[in-house]
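Two complexes come next, and they have one chain in common, chain A, joined by chain B in the first and chain C in the second.
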Partner chain A sequence: MPTSRLTALLLLTPALVLFALLTLYPLGRGLLLSLVNTDYGLADAAWVGADNYTFLLSDPFFRGAAWNTVAFTLMATLSEVAFGLALALLVNARFPGRWLVVPSLVAPFVLSTMVVTAVWRAWFHYDFGFLNNALRAVALPPVEWLFDPDLALVSLVLVDLWQTAPFTFLILLAGLQSIPRDLHEAAQVEGASPVRRLWTITLPLLVPHLLLAALLRSIESFKIFDKVYALTGGGPGQATETLSMYLYRLGFQYFDIGLASATAVVMIVIAGLLAAVYAWHIVRGQSDGGR
Partner chain B sequence: MGAASLRIGLIYAITGVMLLPIVWMVGTSLKPPLEYVSTTVDLIPDAPTLAHYRALWADDILGKVLNSLIVATGATLIALAAGFPAAYALARLRLPRRLDGVFLIFVLVVKLSPPLVLAIPLYQVLRTIGLLDTLPGLILVYQVYCLPFAIWMLLGFVRDVPIAYEDAARIEGAGLARRLATIVLPLITPGLVATAVFLMILCWNEFAYALLFIQTPSKFTLPTYIATLITEDETFWGQLTAIGFLASLPILALVGIVQRGLTRGFAGGLK
Partner chain C sequence: MSAIAVEGLVKRWDGHAAVDGVSFAVPEASLTVLLGPSGCGKSTILRLIAGLETATDGTVTIGGRDVTRLDPAKRGVSMVFQSYALFPHLSVAENILFGLKVRRVTKAERVRRLETAARMVGLDSVLERKPASLSGGQRQRVALARTIVAEQPVCLMDEPLSNLDAKLRAEMRDEIRRLQRALGLTMVYVTHDQTEAMTMADAVVLLNAGRIEQQGPPPLLYERPATAFAARFIGQPPMNLLRGPTPGTLLGVRPEDVALNGSGRPARVEALDYLGAETLLRLSLDGEEIIARAPGRAAPQPGDAVRIAWPAEAEHHFEDTGIRRDGGQT
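Our next item is the complex of A and B:
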């Protein structure tokens, strides 16, 4: 096409300006800020080199937050992929009412995280919450969902599972529907049991979709902030403080801009590693002729 | 036959459990406080009341709905206006090969960056240009996520437009602007609508930036308003569920579109 590069550049300009102002500049600025000490405000910022980073690595709160983030990401991703897979396998057939069941299962995913959090905070309430009321109804002892340090992070996973399992469910359902029917029919003729077909045909062919779902969910879980902020505030103690919450506390409550920026840089590096895996996955998918 | 009906029973049971929190939300929003501050399981209100909705009305809920609408609409329009030309340029015009790769990395970095990571420098950007604590400022920072998402989605739709149509029009002397207006835009209208729906939901639900960059309560969007209600009182559930239900209504109406978008696979960036 003989249209000039100038035209292309003109068309890209608005997007490039916004990108430069809102992403490139902040990224660079954040990197710079991570190298200064801002105890007395930005005006007296002093160059401290890598001090913020060495401090972070020795800070038990930072390590705790990093550990909580990893634990949350692993638990959330694994449970969401497993539950999404179970739902997709169940729903991947004709049955009466399917047109109503699928959108109902998707509904939690479109809700605002704040609405989700509002409902679950009420459900977790020790005295009057729905969950403990249900436990009492079957004569089980009530549980301190959000105030037991050993349980609080799991409670957060439970909320995340409810909200985002629909997402993995839809990805895996699409994957199941892309498996050719005749493969199953042929295996059935040969006398393979449903369980055997699941292990030898369905799951191996579903691996790319399983990986994609796991990757997308781990990227999102790694960012978690809203739910922690509104459900536990990072507590009890430090039990549910994730890296985003740690950054929020340092940057927007203690105004320690240098340390908060260093935390941000560390998070970007970790995210970058995840991005490399993701990009590799996409590029490989394209050379295989697309998903 | 037994296995099949067992499977269907299981599906209905799970669907019921998944819907319970939403059913509870609607039920509680209609209950007087005496009914929901209780130690028994009860989803249906015995004496339904609209008191919580009336209390919201008195608390200027309309103002918050309006703020949310302004921010979501504004951010969506800007993302489409800047995103469509960019997507067209990336899909059609001869760009250096490397630029494609650079764009992919840019989309990935943005998608992967937690909102909090960019928050401190963005705070300073907004303060410098005088848009801190304003709705236009929030619309601007939402472009961090909206713009790459819009470009990503629109790119696929532009690529679906047969290039032969445009070639034919060019031979007849139609310039770029004319081709965009008479061929490309009409053909990707469904794609534009789908993209707009996703962007609206994304902005309607966004919390972190609204929390950090808006301080004046009268400028709160629905999620930040809900957050203040959550932390204000332990069992403020009547109003909380009423506002939650109101905020969810327009979005639940769009579930079908979201579902189709997700199965097509282009909506991975929604959350």
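Our next item is the complex of A and C:
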């Protein structure tokens, strides 16, 4: 047995080295940087202890960014799970040609974010954009999608929804297809209507998949950066500045590496908590046979 | 009035007929078994009676009412699935009462029926448990209890015992038959197991490739098989089928009718299957295999030459198309 343990360890070494270099070291260094005042490295850094964290808590910009991040995460996650569920229920019903529908529904998910944002910037355009044209066509006033402070964050949610609903759709479709047909038929013979079957059988049995989709999406949308950077740059004003945008501004525009690192640590703790919920859910699922 | 009548039933999928013109009747408060090998269409017929499939042609009548196009919920049937189809997220009690809640049966009535059903099938102590923590036999009982509380006149069972071990299967066979009689249910029971068919059925409908080979009470199928298929399918070991006395015919003899003490035709013992109460002798007769059933431990050994004979009235004659020659009832 010692030999096989040694072999296992040897085989794991490259992965462990990479993990240490690319994950553990930056994590530790980031934690260290969050406790100093510096505009670059640790060389001429001044130790400030928890000062960076106390500053963050008092900074209205940080609180605004935190609020935007939470709002974005909630709106994006809920809408993506709800929309993915609706699509999955639709496709799970048997209709001819449904396997042609699936690839077209999944298409937005395979596009790169830069392509997605380019498409949506065009659609959001006030004068020529598809969305405002659609509004005008039904005699509604056009909208400043990205420049109205009350709307800009919702517009970003729309883009995220469009791009990632296919992901929740696929998870939930797999979940729906894992529910034995017998259960529906038994309920049908017992007299349960389709709506009743949805509420008493489909949704309760889909809970593990709904939870999985929601957790994966919330972890992902919590760190939203690319769409904000490409579409609004955090504006108008600070209306769409999320924590990762705030961090980017502090670290790479003001070169306050200490504060930026403290922000990163706060984000890691929150994302870590979400991931822990996910991990706990997976482990629990394995221990009681999936249910 | 809960008698079932199936008339000219056809179910086609992509041009292939899974059920191909099937007609039979199930008298009220009786148990009819649909028997046949896998793929013979027996489950499809049951699902057509339940309304889970739509018939391509033909009619299904329950209690004199044409239900061919009716919603499953409105046919007055309950159903037990091979998988039992228990809802994994609901407790045993909730599983049993699911249909009653859907049908808005009052709380007091639900409690009454649950108590009766749980007592009948012996589930009193596990009502709060989830199906995953039950044994196979207990799950089967939950499915039965669901049928009992439904108080529907017709009960449809799709291979309900195939997931149980042999001992439990024998037990549940008796239990289902007892329930069917006690509640006066009109039952259609699908199985591929001839033992279940022979022991439980008032009438057997034997199916092959979507058509009926023979129907009637179990003794009729055993004693006067209408086709060579029926002769081979029912009986363990199956009936011996040999070349007939005239070309183009088959001669059938049940193994228990083949006697060793005769001064009959010479045969050689190829192998013995000792089963305790009896021994099956696999013999070679003019180049054909024939099985004889002898009580206890048989004296001959492999390689021995023996003489075998059977009474003329034990012979069954078939055309080589499989049809019985002396006008077997189909």
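As a working rule, the second predicted complex is superposed on the first by the 281 of 291 C-alpha atoms of A that agree within 3 Å, B and C clash if a C-alpha of one lies under 4 Å from a C-alpha of the other, contacts with A are read in each partner's own complex, and residues count from 1 in each chain.
One rule holds for everything that comes next: a residue touches a chain if its C-beta (ideal position, glycine included) is under 8 Å from a C-beta of that chain, and two chains touch if they have at least 3 such contacts.
Just so we're clear, the structure is a prediction, and the values are computed from it rather than from any experiment.
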item	value
Between chain B and chain C, more extensive residue contact with chain A	B
Which superposed partner A:196 touches (first chain B, second chain C, both, neither)	second
Touched partner set for A:140, first chain B, second chain C, both or neither	neither
First, second, both or neither for A:27, with chain B first and chain C second	first
Which superposed partner A:114 touches (first chain B, second chain C, both, neither)	first
Chain B versus chain C as contact partner of A:277, first or second or both or neither	neither
Contacts of A:50 with chain B and chain C, given as first, second, both or neither	neither
Contacts on chain A seen with chain B and repeated with chain C across the two complexes	291
Sites on chain B touched by chain A in the complex	4, 7-8, 10-12, 14-15, 18-22, 24-25, 28, 36-41, 81-83, 85-86, 88-90, 92-95, 104-106, 108-122, 124-125, 140-141, 143-144, 147-148, 151, 176, 201, 204-205, 207-208, 211-212, 222-224, 226-227, 229-231, 234-235, 237, 240-241, 244, 247-248, 251-252, 254-256, 258-259, 262-265, 268, 271
Partner chain A, residues of chain C touching it in the complex	50-52, 72-73, 77-79, 81-83, 85, 87-89, 98-99, 102-103, 132, 146, 150
Chain B contact footprint on chain A (complex, rising order)	1, 3, 5, 7-9, 11-12, 14-16, 18-19, 21-23, 25-27, 29-30, 33, 87, 90-91, 93, 95-97, 101-123, 125, 127-128, 130, 132-134, 136-137, 162, 164, 166-167, 170-171, 173-174, 216, 219-220, 222-223, 225-226, 229-230, 243-244, 247-248, 251-252, 257, 260-261, 264, 267-268, 271-272, 274-275, 278-279, 282, 291
For the chain A and chain C complex, residues of the former touching the latter	180, 182-183, 185-192, 196, 200-201, 204-205, 288-289, 291
